[in-house]
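Worksheet: one structure, shown below.
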Amino acid sequence: MSAAQSVPASALPVLRAENLSKRFGGLNAVQNVSFTHYAGEILAVIGPNGAGKTTLLNLLSGVYRPSTGRLWLQEQDITNAPMERRCHAGLGRAFQIVRPFPEMTVHENVTVGALFGQRGIRLPQAREQAYDLLERTGLAAHADRAAHELTLLQDKRLEVARALATQPRVLLLDEVMAGLRPAEAQEAVELVRGIRDSGISILFIEHIMPVVRDLADRVVVMDQGQVLAEGTYREVTANPQVVAAYLGTEAGLHA
Amino acid sequence: MKKMLLTGLMLALSGAGAVKVGVLLPLSGAGSVSGQAARSGYLLALDEINRAGGVLGKPLELEFGDDGSAPAKAVPEFVKLVTVDKVDFMAGGVSSATSIAISGPAKQYNTFMAWIGAAAVPVEDAFADHKYFFHYHPWAYYNFEAILGYFKTLKTQRKAKNIAIAYEDGPFGSAGIDATISAFKKAGFNVVMAEKFKTGSGNFGPLVSKAKAAKPDILYWIGYDTDALPLATEVKQQNLQLGLLYGTPPSWPVGFEKNKLSDNVAGLSLWLPSSPQPESRKFVAAYKKKFGTTTEEYFAPLAYVNLKSLAASINAAGSTDKDKVAAELAKTNMPTPFGPLTFSKSLKTQYQGFKSGNWLHFQFLGDARVPVYPIRFAQKPMVWGK
Amino acid sequence: MNETRPEQSRPDGLKQDATTQARAGQELVIEHLAAGYGKVQVLWDVSVRVGPGEFVAMIGANGAGKTTTLRAVSGVVKPTGGRIQLGGRDITRAAPSEVVALGLGHVPEGRELFAMMTVRENLELGAAMRPEARAAQQDTLEQVYRLFPRLQERSKQMAGTLSGGEQQMVAVGRALMGLPSILVVDEPSLGLSPLMTQTVFEALKVVNAEGVSVLLVEQNVGLSLRLAHRAYVLENGQVVKEGTGEALLADPGVRAAYLAL
Amino acid sequence: MDLFLQTLLNGLLQSGIYALVASGLALSVGVVGIVNFAHGEFLMIGAFLAWAASASLGIDPLLSLPVVALAVFGVGALTYRVSIRHVLLAPELNQMLLTFGLGILLQNLALMLLGGNTRTVSTPYQASSLQLGALTVGGPKAVAFAFALALLGTLYFVLYRTTLGRQMRAVAQNRRGAQLIGINVDRVYMLAFGVSCGLAAVAGVLVSVLLFASPTVGLVFALKAFAIIVMAGLGNLTGVLWASVLLGVSEALVQTYVPGGGGWSDAVFFLMIFGTLVLRSFRGNR
Amino acid sequence: MSAVSARPVPARRPTFAWRALLALGIFFVLALAFPFLPLGDRREFLLQIGFFTLVAGIMALSWDLLARSGQVSLAHAAFYGLGAYGYALLLKAGVPWGAAMPLAALTAGFVSLLLGGVTMRLSGMYFAIATLAFTEVVRTVIQNLPESVAGGANGLLVPALLGGNSRGQYLLALALLLLTVGVSLAVRLSKLHHAFAAIRQGEETARVLGVNVVRYKLAAFFLSSVLAALAGVLYAGKTFFISPLDTFSLANSISPLTTSIFGGLYTTLGPILGATVLRVAEELLHNTVKNGYLVVYGLVLMLSILWLPRGIVGLWRRGRQGGDL
């Protein structure tokens, strides 16, 4: 398979899905999806609206339990693990629609991640860690503001900082670039790369193709609940099926 | 002596040193109907007492407190009357729960209590060892004694043998219900049904259906005014054949007697405005003069009697000394709208006023409540449905 | 791009009646608008003009005040200063219902559909508040279905169960059902795949070609500038630049800031 | 067998009252999103108005019903205007406290003006009933049941088949979306709240015929109506009917067949609600 | 936005709400001094009012503790009642009062864990009605069990707390309020605060961040119910008499809710101030307006929501949300 070429031979799998399916009533939202996510890799999941990307992400993060199939995080079977256990196992998630705790300060928001995402940590220590993360994500100046006062971009930073505070091995990012202008998106791309360089594997959903192009080591294309193609950005965008289902006649529209 | 009279007069004019009676009543909340009725009775009595020269030569003063029908409100209110307003005597009391709640401070301050209501047995327990506790209203077991007496007559005269009981599931209906049932049985009745209901729910369908299957001669219900019409309606609708529908709510719905469904329903009261006794007529006339209306609530004359007898005893004692007043009140023998008032021992307390013999049984006949038993009070023959 | 417009989606069947009259684009004039939420002032000085039948875009960073401007136009946010006129009438303090009655259609950010109603009910509600739109409801519905055939297939489905792109179509369709003479559209491409984004933008072009004025707010600056006749650049609640789409596309400052080129 | 059938019938008839009270509440919760703790007090106002018309003017409550409903609709709309509309965007708890305060105010106003006494009205048909063999159907209760059905049916029709109803549902589902398509949200809320209060008054009029009028008459029924609409699922009208029937019938069965059942019927009522809510929450779509 | 740059650089450590602590300190100093003040004739009466105000404060603050975890409960009458009944029954069984008090509270705590366990997944109105239903079920069961079990509908007589010494009773209630405040402050300054607030403001997000929602919801239930039960014990020992209709009444579930909102939600000071102000206002109205005082009281509640949506403490913490003690 062509995908194998983009994966370093030495890499270890961190997140592995095997034949995941999810049915809602009569609708097969996700069907027999299998993929492997390797350590240190940035993996993109793209696909048309309604392809099942968000459902897949919800299966990974534990919002839903799969109808069939299995899911491993490193060596741990997390198919039916509740969300908090996945978090402790090393899975972090940032949401498409930002969900700060609105009445908490920015600092407290991140402290929640540090405090409960790790085991055996005390409050002062968690606050310290949270503050460091705020500095890293450029939010330190807003530490004591209520989260509901932030702008969208700051909210997105907060969302990522909070997920990072749980010290994940894999970070799931759900369209975190949506609503950012290109220059901001470029900044965000750098931020995500930096996160990967610190040893965290990243799986993200994204519609903005330049971002996918710049970030993804590997791309999984979904359509109608199934995996349509898998490979490097160049490989999948050259795939006529992908173009037909996802990119349309004017692939350059977003450039 | 002259000097004394003079100071007395001056005191009376200044109001200082006047005898103060605190009155704790449920002026709001669940028991407010009885509480407000009692308040009118007190005000009427106060007028008459002061017009007749007051107490100990000075005008009597009343200090009302509202217990809100809740123990948590009753306790501070009671303490306020006793310690802040420094009343010499306490009167009032309708609800049993609030009366128990104040038994603590009452004993602590050794308060003199001329209590009109609170008929539940736990109240008797709570005040059993209180030296100055005068209880006017018959205890619950006296009520039952009266009812049993009446039913026994019906047994001999009307061959009433089967009794069905419907009682509300709160303390009012459930108090001593087991004892009631066994007493009926002991007296030779068949208790063919004993069912609880939820007061105010208006849901008597199942209960009446069940009663129908049990074929009772008497349906005896222990509930509140809210249950009167729904029960009567259901009995009529399901065509339950009864000799008598007999109930003991503390009060009846306003205008119930004008409703056709009330016909032949029977009940129990200490007093009826239509009572022919001279004391009762006097009370009704005075009440009408002061308030422009008549009252149906027996708590009005009860409160009236309560204050009148207390005032008389203070005057007889010649001072507000609790022991002297208690001794005088214990000796009371005065005519009242309920018949003569005397105090004697009850099961656990020293001074119990009215007892089973003061109860009268009436029936809704035409547009009015008419006494039908005991025979000496009866104005019309009772109507038996079977 | 004009050649890609689907021919069949033109409202060929429309008669020359009040309906068409209502469709003739109205002019929207925003002058020195100031507005905010509570104590936070978002708009300081925004002046924007959308001529009859014109397609105008507003671009700018997050928090620049684009959405707030649209909300002020719709009457959801009450301006603290400045003036808004629609077709010559002052609507600065008008309630949303009055603005809609004057012929403004709003495709809001986040779509704001009625999730537990069918697609058709959503669309029909779009026509419910204007008598002239109600009278033309059947015709308009058919037009919307022609514009978005997908919606006809899904007409009995609950709007909440649609995919993001389909929901965006419903949102546009719902606004069109009110026979607007001017359409304000907020971030229609958000969360949409490239293909779906195309479809929605095609539809906007068609609508505009019919004479409806359009005021568009969009992250996808390249796309919107190519589509728009004119555009405004907002920064910190103020208009800092304006010009034709082409001119702004060629502007090095704009290219650097918004096109990441 | 007769007893069993009669029991079912008794339960069914009782459920009519529940459904009647719940239908108005369902509207204010479903459309306006306000948990109106004073709903029982609007019922009480309806009951007292019917009683007053009957006692002082001799008008039959069923005849005064339209006027009473309209009057209380007005009171409700006014209440919305001066209070409810100012807390629409406030936290749910604040809304609860507001309507709770309103309930205290109205109830005690009635107590102050009218005293705590129970009042009853007299109508010639109060005791009328229909005999079906050995079974009895109480006339007024049957009328109340029919009213409940008709009201729920009308409500359903209005909400799903009329423009105003669609507007109400639209506002309920997405306030901002509704605003942006030109619906006068404030007006719709006012109408919905007013109608909700008017429906409470209709229930109140029937309760005055069936049972009684008193300042506290609303309390028992409002509490149960709350439980019913929550059990039905907020805003679900057909669910209101089913939940009422289920609860009414199970109450009747307990009252008839369990010794001392009259005392336990409330426990069963609330236990069923508790159980339904808990089970449903665990059956979720996880 | 321009406002951003004007903000001072925030401290690395949390800024402590000294003002709130100071206010709490003043409250307790005044409350402690109260029974020793020369109050003259009104002393006894004021002690009684004070006692019930303290009980209301315990109830409100304990309700607020549970609400902080997003659980708006109508089961507080049940915990209050279970405390009162547990205490009465333990005394009847011969347990000394000093032991009966904590035992009754722990019993309520245990029951609350069962309740919390099954209502775990409910929220909003559904949770509120489920807890209300629970209360009604408990009340009806106690009311309908044979009298020999727990007094049935007639209720139970309870021996007087501290032999009826009203100053002692007041001080005991004050000590228990201090305990409640201590618990509340400890929660505020610990991990629990972060867990509660996160669950309240976004349960799913909290779980994604590793918060064990089950554990913390139950913790909130347990703490809250134990404290509410202690309030119930105080009530029972003060009024000598408990009955299902009084102790389990809906009013006992609703008044802590209204008190907390009135005072200021999710704070330690708010519910206590709310209880004090409402109780004093009620007493004043009672003595001035007399008959219609509850009408005015209802009006006061309505106006307070319209004009003071964030409660009394909202008066001086306008700018902030939820950061205070």
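Note that the chains take the letters A, B, C, D and E in the order they are written out, and that residue 1 is the start of every chain.
Just so it is clear, contacts are C-beta pairs under 8 Å (C-beta built on N, C-alpha and C of every residue); 3 or more make two chains touch, one makes a residue touch a chain.
In this text the structure is predicted, and so the values were computed from the model without any measurement.
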item	value
Neighbouring chains shared between chain B and chain E, ordered by label	D
Required minimum of steps from chain C to chain D, each step between chains that touch	1
Chain of greatest Cα-centre distance to chain E	C
Identity of the chain that, by mean CA position, is farthest from chain D	A
Pair with more cross-chain C-beta pairs in contact, given D-E and A-C	D-E
Whole-Å gap separating chain A and chain B, where each centre is the average of the chain's CA atoms	76
Geometric centre distance via CA averages, chain E-chain C, whole Å	51
Between chain D and chain A, distance of the C-alpha-averaged centres to the nearest whole Å	48
Geometric centre distance via CA averages, chain E-chain A, whole Å	42
Junction residues of chain B, two or more chains touched	28, 169, 196
Residues within chain C bordering two or more other chains	63
Shared-contact residues (touching 2 or more other chains) in chain D	108, 111, 260, 263-264, 266
Chain E-facing residues of chain A, complex	61-63, 82-84, 87-88, 92-93, 95, 99, 101-105, 107-108, 111-113, 115-118, 123, 127, 131, 140-146, 148, 151, 162-163, 165-166
Touching residues on chain E, where the partner in the complex is chain B	41-45, 47-49, 52, 55, 140, 143-144, 147, 152-155, 157, 160, 164, 166, 235, 238-241, 243, 245-246, 283, 286, 290-291, 293-294
Chain E contact footprint on chain D (complex, rising order)	29, 35, 83, 86-87, 90, 92-94, 96-98, 100-109, 111-112, 223, 226-227, 230-231, 234, 260, 263-264, 266-267, 269-271, 273-274, 277-278, 281-282, 284
Chain E - residues contacting chain A, complex	1, 4, 7, 9-15, 190-191, 194-195, 197-198, 201-202, 204-213, 320-323
Contact set on chain E toward chain D in their complex	67, 72, 118-122, 124-126, 129-130, 132-134, 136-137, 140-141, 143-144, 250, 254, 257-258, 261-262, 265, 291-292, 294-295, 297-302, 304-306, 309
